[in-house]
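The structures come next, written out as structure tokens.
Both complexes shown next keep subunit A, but they swap its partner, so subunit B is in the first and subunit C is in the second.
Up next, the complex of A and B:
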């Protein structure tokens, strides 16, 4: 129960920052429409998916993943000193990480709902619940990446740049727009992208992509826990 | 050790130590080439006994806050040992609070960290807010507090669990005169009750309030005043 009470406090912190709420609500529609409009100009080629739909599906994943990464990053960086003081007061670092992740997932779920609703306005989503579940997976994946980057590179500008490049590159490699060969298959969003595409187009669970997705999740979780628990603040000297 | 350079551990004390630090060494280095390391602490010894109030002064950049962070456990020393007995309260120079939480939420969060019950947290919050004069701001967000009120909250977080050892880094920065006097009244009561207090400041005016004053210079503590 205490974990949920702490998470409630973190969410209070979050909603008291209006600019962040605007970003959570505005970035998904903007990214989805930008990707869709950009790819509309590409010709429909035989045997390939409709470019505009591919663009919107890709934009949806990018928007939620990027937002989750940024929220994870800034949660860790902006509260780093306060968290260290709390640890000295007796809080366990794992409990702190747990509250950070729970509040991140809550914010991410809101962003996913907005993204899915936006996508549904332009594309028929065959299995909305399944698609929403895949977006949550993408949020967890990139939220953990944000926590990791924030722990090992606790500077807002540099950390944000790393996340922008990671999300952009990952999304491009995962989108099936280009033949990226074996490199693309190792991109973290490759399997979630296949799961999401399948949920949107056919409404089926692409079972062969589920296990690799879970493997990435576990790997990212382990790395994030190690990075967060080992990153103690070294406060500025006098 | 040169004449006149007495270790802080050499003084006799009747009370048992609540803090004992020996041979503390700290340097700031860099992994970048062509940069040199900065030796900040070079064998600092200090013992603080029950009910003592100790001042540590030093020039800017002398390593006072570094020493305080090592004493409280917020920073690892390169060498030496630190032993603490009992509950520790730390008031850092930078407030290290959550800007978008309210004052009452801040008490709740840190109080839970200390393992206090809800009733104890409320009692401590009301007692300290009344004593330091910020009861009108309990429902205010931390980032909307004045510098002085932020510092009162910073100090209150260090005091709320009735620590046996209180480590205060520039604790009265931004206080108005009434709060400054209230602060010293409070510390006098705490010392009377057996709490040990170490205050770090770049400037200590009222020297008769301290049992011992040390100067941090060249990486070591030098006795400046004994009572």
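Up next, the complex of A and C:
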């Protein structure tokens, strides 16, 4: 119960800023639509049937995933000293991490609903509930990535650069723009992208990609927990 | 030393004090371009240069040549945004003690030029392992120009929006602009693609990479865009400093 109360406080702090509402409600739809429009002019690439649809599908997944990554990153960076004080007051690190993850999950879920609605305006989504579930997986995956990067690199510029370059690479490798072979299959969003594509196009669960997605999720969770708790050990006590 | 020179020296000292950051300026662009030189298949494609001719080449040459300016621009944009935000308190004090907004923007831009140059050289060096542009010097010029245009855009975005929105816009903006809108593989680009900040630097980069002519007009147009953005940055930073004080 206390975990939800703490999360409520974090969310209240988050939604008090109008710019954040804009970020969640307006920027992902803009990114999705622009992505789709931009890919319409790519007729030459082999295997890229219906480029505009591919662009909107990829844009939707990436728009919400990256948003969660950024929220995770800046939650950890901006609250680092505050968290240390809370630990001194008796809060457990796992509880603090839990509130961070729950609040970014809530923000990501709202952004996912908005993004999916945006996608639905231009593309027939065969299984909306399944597609929404995949978006949730993607936001947890990238949220954990953001928490990990923010814990390891607590300066804004360093953390942002690493997250942005990782996301850019992941986006390009997992987007089906090119056949990137075995390297592309290791991109964190490769399997969620296949799951999302399948949910949107055929309405089926792409079973081959579910297990690798879950493996990534568990792996990222373990790494994020270790990074977050180790960052607390390293942080100077003021 | 002039006030602008002092601001540049102090800013550079602050950056150099963070060795991880300096290492990232080199590593990240080289890594991004390096991965693409490895993974992109050698499929044949035809591209249309802004200077006119159609060139038959491979995806394995085109994609690294596009990624190098993109990597430098992405790094420049994020650095511009966060440096402006992190230095905003100090900048307001400098305005109070007599600095002009123009001097501060020039000082920050000089610092970002150094960062952009480092990132550009790293990105081009990684690209050079797989692909040799027709004119290496002009390609580096175009890459640095892309970094500077995005760094200035980052300064403007940093003065107008919070960091979450700013980074989001720069990531999507640079990818959509440089990798999708301006990609020479693309045909029938949307009307808006002609007005995005990456158009002239990427035209210059592609002319330098695949053409025979020196991309003077594209570079000149890119410098014009940069000058316009600097004027906007001076106005925006002066306005945000005045409204905050």
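Quick notes on this structure:
Keep this in mind: the second predicted complex is superposed on the first by the 227 of 238 C-alpha atoms of A that agree within 3 Å, B and C clash if a C-alpha of one lies under 4 Å from a C-alpha of the other, contacts with A are read in each partner's own complex, and residues count from 1 in each chain.
In this text, a contact is a pair of C-beta atoms (placed from the backbone, for glycine too) under 8 Å apart; a residue touches a chain by one contact, two chains touch by 3 or more.
All values reported here derive from a predicted model rather than from experimental measurement.
Of the two partner chains placed by the overlay, only subunit B lies in contact with A:12; subunit C stays clear of it. Applying the stated contact rule after C-alpha superposition, one finds that A:199 touches neither subunit B nor subunit C. Of the two partner chains, neither subunit B nor subunit C is touched by A:68. With both structures placed on the common chain, the touch criterion links A:34 to subunit C but leaves subunit B unconnected. By the touch criterion defined above, A:168 lies against subunit C but remains apart from subunit B after alignment on the C-alpha atoms of chain A.
In the superposition on chain A, A:130 contacts neither subunit B nor subunit C. By the touch criterion defined above, A:104 lies against neither subunit B nor subunit C after alignment on the C-alpha atoms of chain A. Contacts of A:156 after superposition on the shared chain: subunit C is touched, whereas subunit B is not.
In the superposed model, C is the one of subunit B and subunit C that contacts more residues of subunit A.
Within the superposed three-chain model, A:183 lies in touch with subunit C and out of touch with subunit B [touch as defined at top]. Where the contact sets of subunit A with subunit B and with subunit C meet, they give residues 17. Within the complex formed with subunit B, the subunit A residues making contact are 2, 6, 9, 12-13, 16-17, 79, 81-82, 84-86, 88-91, 233-238. By the touch criterion given at the top, residues 18, 20-21, 24, 28, 31-32, 35-36, 38-41, 43, 45-46, 59, 63, 70-71, 74-75, 78-79, 82-83, 86, 161-165, 167-172, 175-176, 179-181, 183, 185-190, 193 of subunit C touch subunit A in their complex.
The touching residues of subunit A, counted against subunit C in their complex, run 17, 19-20, 22-23, 27, 31, 34-35, 37-46, 55, 63, 66-67, 70-71, 74, 153, 155-158, 160-162, 164-165, 167-169, 171-173, 178-181, 183-184. Subunit B meets subunit A in the complex at residues 28, 40, 58, 60-66, 69, 72-75, 88, 90, 92-94, 96-98, 100-101, 105, 108-110, 112-115, 141, 157.
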